[in-house]
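Structures are listed in the sections that come next.
Two complexes, one shared chain (subunit A), two partners (subunit B, subunit C).
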Partner chain A sequence: MAGEKLETVEIVKEKGESPNIKNLGDFWNFLKKELVPRGHIATPFNIISLPIMLLGYVFIVLRLAYGLGKPVTNLNQEYPWGLWIGFDVVTGVAFAGGAYVLCFIVYVLRAEKYHPIIRATVLNGFLAYLFYAGAIVLDIGRWWNIYNPMIGNNFGVNAVMFLVAWHFFLYMLAALVEFSPTIAEWLGMKRLRKILGAMTLGAVIFGITLSTLHQSGLGALMMMAKSKIHPLWYTDFIPILYFVSSIFAGLSLVIFEGSISHKVFGHQLDEAHHKHYDDILVGLARICAVTMFGYLFLKAILLVHEHAVPYLNSAMGFWYLFEVIGFILIPCLMFISGAQQKNTATIKFAAILTMVGIILNRLNYTFIVYNWYVPLSEKYWPAPMELIITASIILTEVWVFRWMVNRMPVLRKPPAWAIEKH
Partner chain B sequence: MDRRNFLKILGSGVAGAATGNLLTPGRTLAKETPSAKEFYGILVDTTRCIGCRRCELGCAEVNGLPVPDISESKNENLLKTIRKTSDTQYTIINRYETEKGKIFVPKRCMHCNQPGCVAACLVKAMRKRPSGQVTWDLNCIGCRLCMISCPFDIPKFEYNKAIPRIQKCNLCYDRYNNGVLPACVEVCPTQALMFGSRKQILEEGKRRIAANPDKYIEHIYGEYEVGGTSHLYLSSVPFEQIGFRKDLGTVAYPKYSTGFLYAVPFIFVLWPIVMLGINRATKKSKEDEEHHEEKEKH
Partner chain C sequence: MEELFTYYDMFATKGVEYLIILAFLIVILAFWKFVNMKPH
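Entry: the complex of A and B
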């Protein structure tokens, strides 16, 4: 990704003033200019990612033409949900949780320390919903009916899925409003920037409420799979576990994404930001450690409460301990020690472990310990095309993220006019 | 933050609460389901079933599914393995070796009194009809949560079609509306299947057990399982020997998600208020505030 640096240097120079957009024609010209790629095109990242993305798009066409089953996916009657729901949607949304957690910290608790990373995090959250939750369109068998839960008269208002669908949709709007001042700054629209800026707190509060509900709602979707999920994982408190884990899942992604962004877009950041950044990481590590500790505590209580302790001494039990000790307890301890010693390398490593743990946890619910009694030979395993389509969606998101960060004041300072006091 | 801002935020909070009412189902869920006495269903007497698979044939013909070969030689082979219903078979016969010899068991949708599949569906494509049938409709979006939420693994999805459907037994709903018996009941040569209101078939089941206590075990599967089903089974051996799960409990499946659903309205109303409160409480003095506003732009 070394080529990216060249690109960003140019932009910093170029980005002295905001465009002067007065009418639609201006806007169109500006957009055309911005859409042109900048800097080096043949970077290693581009060379690797582009073929995967294109291949993914071809497979998407196949999926639409031939249906959801083989050869595109390995989904079957035993495993209605696979990688796309389990990873793209359910895990993706947990990772996107960083946006609501940071919004709570910055706008509700007013912890100013974290302000420098809020824009990138909100943008990331918004794009995650757009792309990963958007991946649901591919997974939905009868996708042309997707608007049915929104328009029409056949609302299944008693269904958890109905709430989740609406909350996704509304949250995307809220996240867009939260991010919109940045877009207004990019377009140089001062009046709009002011109006949108004033809407932020409202959008934040609405967004956090929606997030609380749909993060836990994703867990509630599994409640009626009681007879299919292994008793070590099934509890009445799945929604709460999902909600609590979305806090440290989201923050771990913020740590992970931040450390990459800092390498790639480092030139856009000012001195002060670099200086504060380690401090921010330590703070995030502390929050992760505390929530993970709470999560572990809850898990332990539930183990006893659901009379699941005897199951620990079985193959499934070892798998459970592997997940809980290896990817919750250990990273939790690493977060604590990393925060104490101000060692950002430990913190970053803990973040990666935590992310792996969340992926495992969510996939456990969707297909690994779902129908756990099915013999191994009949178990669902993602098909190659499923994996490539997923990779293609993630890479597309990264491309869009990069495009926006390079053009909008996400990491770099907003234009001077936006900083002035009104 | 000035007064105008504050009002705006308050406004969005109220809007949130209003949408909350729209989107929060807790209250409607509390409503009683229609009296289970009016539901129609089938009493399946496994002691009478001879495994001829004529019901499979009748079902396929009526529902436009691939017609199965039910010749005796074919049956002998096929029944060696325990099968499941599929996207092309709404009903199937399985054969179990038990302490009382071979027993044949028809398997299909149980038409639960309070079905998990119906509670799962976000567009009401799955519906419990007032007369008891659980049916599927074209407005389905194909999310397949009904498959996950069915304790009996009944709804099947057409994975290999560009325009797929959810496939499952609908207790011949159209025929019912025309006053005709379900195809499987009509073709059964041994009257192993009996169609009637749930009350009737439950009484009949109890009568048969009472009249023949040596033949039947004293358990009607579906009387209480998962809150009661409209398909009821009689058996001569314990049900786990003929492929029934005994661990499903008697709680109606939709109840498992009510805890979450009840919490939704509270969170929707309380959360914004709490957060607004914290936000006001952490507000600093006037000068600090100006400083803060300036920093916010960074």
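Entry: the complex of A and C
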């Protein structure tokens, strides 16, 4: 009996039960305490990532002060879109698609099996939008005017960018509301947790609606460059391709990120979570396989519809087949095999291949097969500073994600008072 | 400047497109069963 009591006290201490925040002063003191690093600081990851991040911040200041051109970027009038829009924004948002897909599966389809990973996925989606979509600031020539679509100074309602700007902004708010119960639990605000918890379903439905529109909206952005994109990639249905591919891109990132979190933050997970994790991966692999199967058929129809079949027998055609077979068909087959054999290693490898395929696909649209008729010597290649800025944005997101997971009940169980009684 | 716009009859390929869609609808059922098949 005494042992049981001692154990309960230990658990309460370990979980750091709710802080007692009554005013702004209490909150500030609590935040100061939470900002203090926990554990070892001189880890290999920190030692490698910190200098890259700091260098990236210096280059960001240079870009904001001196403009978009050289030496920070290799962008020019012929290549206005480069690595930042291609990778940070367009690819980053596709990867963030896992949040809306999983929210749909858990909150609308009520597939409770996936509930243990929903918080980490929503947090990942929110941070992806905050950092990658936020990186759009770097891509805008006159970045100080970025608030114009919000305040009505030249709304530009006919522009795809207007839709994208508003959708990113609204989706970030929706994702924040979806994640906010976790923040309320961290702060120990019981009443606020109840209110925010009641808002979750509304925010989820709003978020899913927005996502379907802006995932395809990013594809619509590419339609402005009809004469510049190779006919094998250009189609009037790019928005649909972007939307469908965001489903398996997002879920592949969920598999990849979840597997890393599972190892790094494994001590925060309870035994039941560990036990069911393989089942979750198998379920996600099945969804990815079916979506990729549909995507392949869509690609086949569009190839015929756009009269692009003759182009397959050319250098660009081989590049196209390399993308479609190597990074869609093969991972699709691997997902099937992994799901049937319940082999998580195959599933994880397929997820990585899929992610590489999505990066390739999005970069194809923004600068590889964009201006495809230009000789290689005149093509755009990212400048070293562009690469470092991109790396620093990704690493900053990873740091913030780690900080939040280590402090908030993202992977570990929420406090007892917050567990809803059904 | 050379005109880069090329016009295609969007209905010219509809026969093949219908066939691909029909094939998809038939194959997706078998595919779904195959994906959910338990290993021997």
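As a convention for this text, the second predicted complex is superposed on the first by the 404 of 422 C-alpha atoms of A that agree within 3 Å, B and C clash if a C-alpha of one lies under 4 Å from a C-alpha of the other, contacts with A are read in each partner's own complex, and residues count from 1 in each chain.
Convention: a residue touches a chain if its C-beta (ideal position, glycine included) is under 8 Å from a C-beta of that chain, and two chains touch if they have at least 3 such contacts.
If you're wondering where the values come from, they're calculated on a predicted model, not measured in any experiment.
> Once the shared chain is lined up, is A:N154 touching subunit B (first), subunit C (second), both, or neither of them?
After superposing on A, A:N154 lies in contact with subunit B but is clear of subunit C.
> Just checking: does A:Q340 make contact with subunit B only, subunit C only, both, or neither of them? Give me first, second, both or neither.
A:Q340 sits against subunit C, while subunit B stays out of touch.
> Could you tell me if A:S227 is touching subunit B, subunit C, both of them or neither one (first, second, both, neither)?
both
> Tell me which touches more residues of subunit A here: subunit C or subunit B.
Between subunit B and subunit C, B touches the greater number of residues in subunit A.
> Touch check for A:S245: first (subunit B), second (subunit C), both, or neither?
Touch status of A:S245: no partner.
> For subunit A, what residues appear in both contact lists, the one with subunit B and the one with subunit C?
Shared contact residues on subunit A (touching subunit B in one complex, subunit C in the other): 226-227.
> Flag every residue of subunit A that touches subunit C in the complex, lowest number first.
Within the complex, subunit A contacts subunit C at residues 226-227, 286, 289-290, 293-294, 297, 300-301, 304-307, 336, 339-342.
> Could you pull out which subunit C residues touch subunit A in their complex?
Residue positions touching the partner: 4-5, 8, 10, 12-13, 16-17, 20-21, 23-24, 28, 31-32, 34-39.
> Subunit B touches which residues of subunit A in the complex?
Residues 64-70, 73, 75-78, 80-81, 104, 107-110, 112, 115-116, 139-143, 145-146, 148-149, 152, 154-163, 165-167, 170, 198-199, 201-203, 205-206, 208-209, 212-213, 216-217, 220-228, 236, 239, 370, 413-414, 418-419, 421.
> Which part of subunit B faces subunit A closely enough to touch in the complex?
Going through subunit B, the ones touching subunit A are 1, 4-5, 8-9, 11-13, 15-16, 19, 23-25, 28-29, 84, 86-87, 116, 119-125, 139-145, 147-149, 151, 153, 156-165, 245, 247-249, 253-254, 256-257, 259-261, 264, 267-268, 271-272, 275-276, 278-279, 282-284, 290, 292-298.
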